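I have a structure here, written as structure tokens, and I will follow up with some questions on it.
Letters are used for the chains, namely A, B, C and D, taken in the order the chains are written, and counting of residues starts over at 1 for each.
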Amino acid sequence: MKKRKILGVTGIRSEYDIMSSVFAAIQNHSQLDLELIVTGAHLSQNYGYTVQEIKKDGFKIADEIESLINSDRLSARIKGLAIQLQGMIQTVTRLQPDFLLVLGDREESISTALTGAYMNIPVAHIAGGDRVVGNVDDQVRHAVTKLAHVHFVTNQESYERILKLGEQEFRLFNTGNPGLDRLLKVPCLSRTELSERLQFEIGQDEPLILLIQHVISTETQAAYYQMKQSLEAIKKLGIKTIISYPNSDAGGQQLIKAIEEYKELPFVYAAPNIPRLEFVNLMRMAGCLLGNSSAGILEAPLLKLPVVNVGNRQKGRLHAGNVQFVPHDIEAICQAVNKALFDQSYRDQVGRCINPYGDGHAAEKIAGILAAISIDEKLLVKDITY
Amino acid sequence: MKKRKILGVTGIRSEYDIMSSVFAAIQNHSQLDLELIVTGAHLSQNYGYTVQEIKKDGFKIADEIESLINSDRLSARIKGLAIQLQGMIQTVTRLQPDFLLVLGDREESISTALTGAYMNIPVAHIAGGDRVVGNVDDQVRHAVTKLAHVHFVTNQESYERILKLGEQEFRLFNTGNPGLDRLLKVPCLSRTELSERLQFEIGQDEPLILLIQHVISTETQAAYYQMKQSLEAIKKLGIKTIISYPNSDAGGQQLIKAIEEYKELPFVYAAPNIPRLEFVNLMRMAGCLLGNSSAGILEAPLLKLPVVNVGNRQKGRLHAGNVQFVPHDIEAICQAVNKALFDQSYRDQVGRCINPYGDGHAAEKIAGILAAISIDEKLLVKDITY
Amino acid sequence: MKKRKILGVTGIRSEYDIMSSVFAAIQNHSQLDLELIVTGAHLSQNYGYTVQEIKKDGFKIADEIESLINSDRLSARIKGLAIQLQGMIQTVTRLQPDFLLVLGDREESISTALTGAYMNIPVAHIAGGDRVVGNVDDQVRHAVTKLAHVHFVTNQESYERILKLGEQEFRLFNTGNPGLDRLLKVPCLSRTELSERLQFEIGQDEPLILLIQHVISTETQAAYYQMKQSLEAIKKLGIKTIISYPNSDAGGQQLIKAIEEYKELPFVYAAPNIPRLEFVNLMRMAGCLLGNSSAGILEAPLLKLPVVNVGNRQKGRLHAGNVQFVPHDIEAICQAVNKALFDQSYRDQVGRCINPYGDGHAAEKIAGILAAISIDEKLLVKDITY
Amino acid sequence: MKKRKILGVTGIRSEYDIMSSVFAAIQNHSQLDLELIVTGAHLSQNYGYTVQEIKKDGFKIADEIESLINSDRLSARIKGLAIQLQGMIQTVTRLQPDFLLVLGDREESISTALTGAYMNIPVAHIAGGDRVVGNVDDQVRHAVTKLAHVHFVTNQESYERILKLGEQEFRLFNTGNPGLDRLLKVPCLSRTELSERLQFEIGQDEPLILLIQHVISTETQAAYYQMKQSLEAIKKLGIKTIISYPNSDAGGQQLIKAIEEYKELPFVYAAPNIPRLEFVNLMRMAGCLLGNSSAGILEAPLLKLPVVNVGNRQKGRLHAGNVQFVPHDIEAICQAVNKALFDQSYRDQVGRCINPYGDGHAAEKIAGILAAISIDEKLLVKDITY
């Protein structure tokens, strides 16, 4: 039997980190072939030129589509989307894949879903149904659900939300979040090894904060201010902190500007692109994850890592008992970080939390379904259930 | 008070025919200003170069964005979408409108919705919530609903469907279908006047068929065959028939090819672009509307015009008692057309049907709401209701 | 040794007809590999969907890039160019060819030359240096010369013109026109065979006119009128005439409209796309080639075919003694056609003309040079000689 | 009489600095109207978001076209060109200007020239005919000359080169370089004032170096190394130095990386965007301009400023007696800078040099010609003179 050709799309390191286990499971599946469209921030030096990581991982790249506009303006993201879409059509025309595969709610997700819908090629979408108010990404995520043909959701709440959105049940699969898969597989580094790799000393028993903060598209004006609050808190706390640079969204440049004002503090280490091995081990070692990264919601509970989530991003999202939500306020941030790092009864409670986002075996489930599901008119012609 | 700037988007004659009453109501509203993006088929000679009609109607054109790819391939529509989107961003960047406004489920609808969503400008969408299975347009329509900020629906069924899709009720307004507005306003022509304008004789008491048939995107392979069935039925019936050329969708060329094989029949008149005045009067005079045009569902009941709808397009859609649904079968088509034209008890029943798509005053309602609704964070930051 | 990868670009049947011998010679060369970007009119049903012909010819297609905008407006060509360019960059990024190869002065030529120049990949350009006043194509052709790294010219005049343009002599090769190569290789059909294939009777001794007329970009307003003059002349002459549809340039639609008014004349046969086999045999059989096709200048002399060239296109171009130049005037056209068909002393003189565009072996020469020339800084860094 | 509408195109600060006097002269001309397309680096925070400067200068912006791809790859520039071109067509379609106007050899120049050539709108090109080997810009500049309709050259050498390129003499005007115009008009700042504005102390009699270094497109691999040589020389010299960040070309990021390694030196001041007032006064005060900026060739002689030009950029260009050319070698750089700063007989000689690039009144000449020249077929239909 002819192998099915799966065309995955990846646009940024944070998403690739989640998807790479899925890509590997597809590549290793006897009935599937994988190629990748690599686009967006992957092709920019300013965001780590992570296409090289993808190549190192051994995946076949179908096309590299530059789409990231060098601007903070609101128009830049959607313009990048248009450029990306134009390129993607060309790749899909050439490869005529059996499935398109994409994660989440960024520009890539809707470009991919539109391409599949118009070109009559089934689209498998990972991580639909989530609800994260306060962001264009939320609208886009649900729009992608209405366009996609197969939904791999990461939790029960999202499963039920997609059902309510009128999607037919045969299209839905709760596989858990594939971002967790790799967490279990990444080799362990000692603090000494990690210190050497980062060229930044992390003492054996020293508390460690990991800070990752992104922009909210509706609050781009406040981006610089918001970042400053977190950085001031860090300065006040005086605790060793690793800062990972933000996404390339509109406003991202403002955050970077703020970070660069603090990166010379002796207990601070800021890096545009921390490799995955180092990053996962940082999560393992950190006493607290600060900011508004989705890693705090999704991955941290599997590692029993306390999270201090600032501002509106991630608010209202299904989460385990490891997250404190605080406003962009220096005091509130300091207090929550202190509790996360030093309040033993709180830390014990976090140690017992259960991850609602799955068990770390999503990738094989997804690959299996992509190989088995019938590609026929029933799959291709969508109906709403009401 | 500063007038609100409404930026409407129009891509094709069939949609412009519905929207022109809305555009006029906005233009005439004391608190609104209107500009239009004119794109797609409007700028192609092959589809009547209808941008000239828009200019004649006196609307201000913000930009003309050529986007129609000269190809029948499935990729052509989505590629046109990408091009259109890229241009639209430029216009919106320049004008910074208070609202974007678009109708329906074509490429324009999702380009507009994406532009608004990413650029933080509210999008008003007309005619969401409908359900027309068998077409990428159905997926796109619901995706647009998830992206848009205000929904002007044309009927109660759609109102309820959009509620189920998780949209907040304050965003919803059942205004009826604006396509009906102009129906009541178009001046009446006599059969003699119309005959002269078309250069095609329509006798005083002579039965008349109006044929409009479009492609279904999932059945493009069968497009030529499907058109042939309708045309063979016309040939067999031998009744005066006016054929209007189809949309510029993928496959449209196949229909045109079929039409051109029959257009020399003495009782047939085929035209790429029938002006609105003539078209509405044809609907008034016709004894039967054949094909799969949405006009049969939406406008025909207001005119008490019997419709014979062939194939899967429009199937399952809310309709009045004026429609017979038949397969792509010559015999079935002939029989249904005969009943529509000559079965007096059926025609009486059609004469009593009630239009579920409104009362012909949608445009003023839409303009009024666009002037009155608060543009604030509540409007701009969407939430799903579950 | 690793084979050199040549990436050819083709956008329309008329140009592919010239290039196919070159593509074949490259494909058959032991040290070269060939892939093709297929774009523009090749992907449109309205222009014969000639990508299928390319596939049948066995060439490897790197990407199909839809770029033809469905519009007659002046902006349509340049917009298509922008779209094509965007796609081409993606292909070149993926393939990293050793050479880009393109012919002539259409949109493809400058897209290709720009892509190579900016991406530091040598561009080989065929048929630069010609001078055809009255058309944007002329400006584009010389601009391409300034961007390209290797020039394969088709005649001595062009060789010298490119030298004057400041190009370094080591970049220049007069190979003759590859369009002539296939002329000698196309199998011969009898008039009976050809009649059957075209479904149009061509009598054994009957005089035959072949009419091909394109638009001049600076005279698009007059396109319809100009075509009408030629068609009226045909009507008046009453001689068997084969009409080939024009290019997809702005204004092309106007010519087609004119042709369709005459195509029902009993002695006229009009076709959107005549296959190459039939076309070459038509040139062999015709007594006169009418219009403004470059075939009259380039290929006709090898076949000793008299040409009547109307209007400004091709004017001032190097030509053999087989061409009469006439204005867009019915009388002048009729008189020149009659001379071409029936004036035996003129026909004898045409029979002795020598083709300044080469000997029909250009393709092998081009392939040989592409395999042998050093790809180094000398080739890549261009200098002007003054 | 209706005013002529001039549509200027500007893409980056360095070019805008030259063009602003021309834009002002057009705006002030009684028979001309000006609008500007603002694109490229002007719209990126990373390059100073200089669109704001343009607005402050009071020019009317026709459209802002984001086109700068966030990537150092070779493909990024040409992809940006394609995007820019697509947007520009839309603006030109809307405005239907009487003239397009652009400077130089960057992406904007060829986008503009192509748009005008295909849309039959005359293109006026400033600063064609120059010869700067070693860069794709050189090829592009000459290609633009072949596409443009009017040439405003900045020096006699270029005038003669364009004649040799076959351009008709009536299209040529040696106006001198408009970049010099503003030099004379910029208000003078004292060293104290300037020190305050820059927040960087420049002593009264202290020698000052100004360093501006760009990437050569054919030497992007070496960009980082080349920048390091200049910076090491600065470090060794230990003299006060102002560094201006480079263009957004491929490779630019590498230079910035190098600069950031040295910017903490106490005698170094590095800035992404120095406003024009400060910049011109820096040129007036500096004892030596180091790097490879065109300012060294064009503007420095009017100010009698010694220049040390490193590497291949600017090499072979017409220059006055104020320039020393040196390789990327620390020793050579130090020696030349010392001579420029401290060798009084050399400085006296520089003080007597004559600027071959004009007298500082180019802008009025250009505006006058744009108002007076006939726009007719002679202008629009280009011919080559051989």
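Worth a mention:
Criterion: a residue touches a chain if its C-beta (ideal position, glycine included) is under 8 Å from a C-beta of that chain, and two chains touch if they have at least 3 such contacts.
Protein names from UniProt, one per chain: A, B, C, D = Udp-n-acetylglucosamine 2-epimerase.
Quantities reported herein were computed from a predicted structural model and do not represent experimental measurements.
Shared contact partners of chain C and chain D, listed by label: A, B. Looking at A-B alongside A-D, one finds more C-beta pairs in contact between the chains of A-B.
Centre-to-centre separation between chain B and chain D, using Cα means, comes to 52 Å.
Distance between chain centres (mean CA atoms), chain A to chain D: 42 Å.
Residue numbers of chain B whose C-beta contacts span two or more other chains: 66, 73, 75, 79, 83, 86, 93. Only residues 41, 43-47, 66-73, 75-76, 79, 83, 248, 253 of chain C touch chain B when the two sit together in their complex. Residues 73-75, 77-79, 81-83, 85-86, 89, 92-93, 110, 113-115, 117-120, 131, 133-134, 136, 138-140, 142-147, 161, 164-166, 217-218, 377, 380-384, 386 of chain B touch chain A in their complex.
The touching residues of chain C, counted against chain A in their complex, run 62-66, 83, 86-87, 90-91, 93-94.
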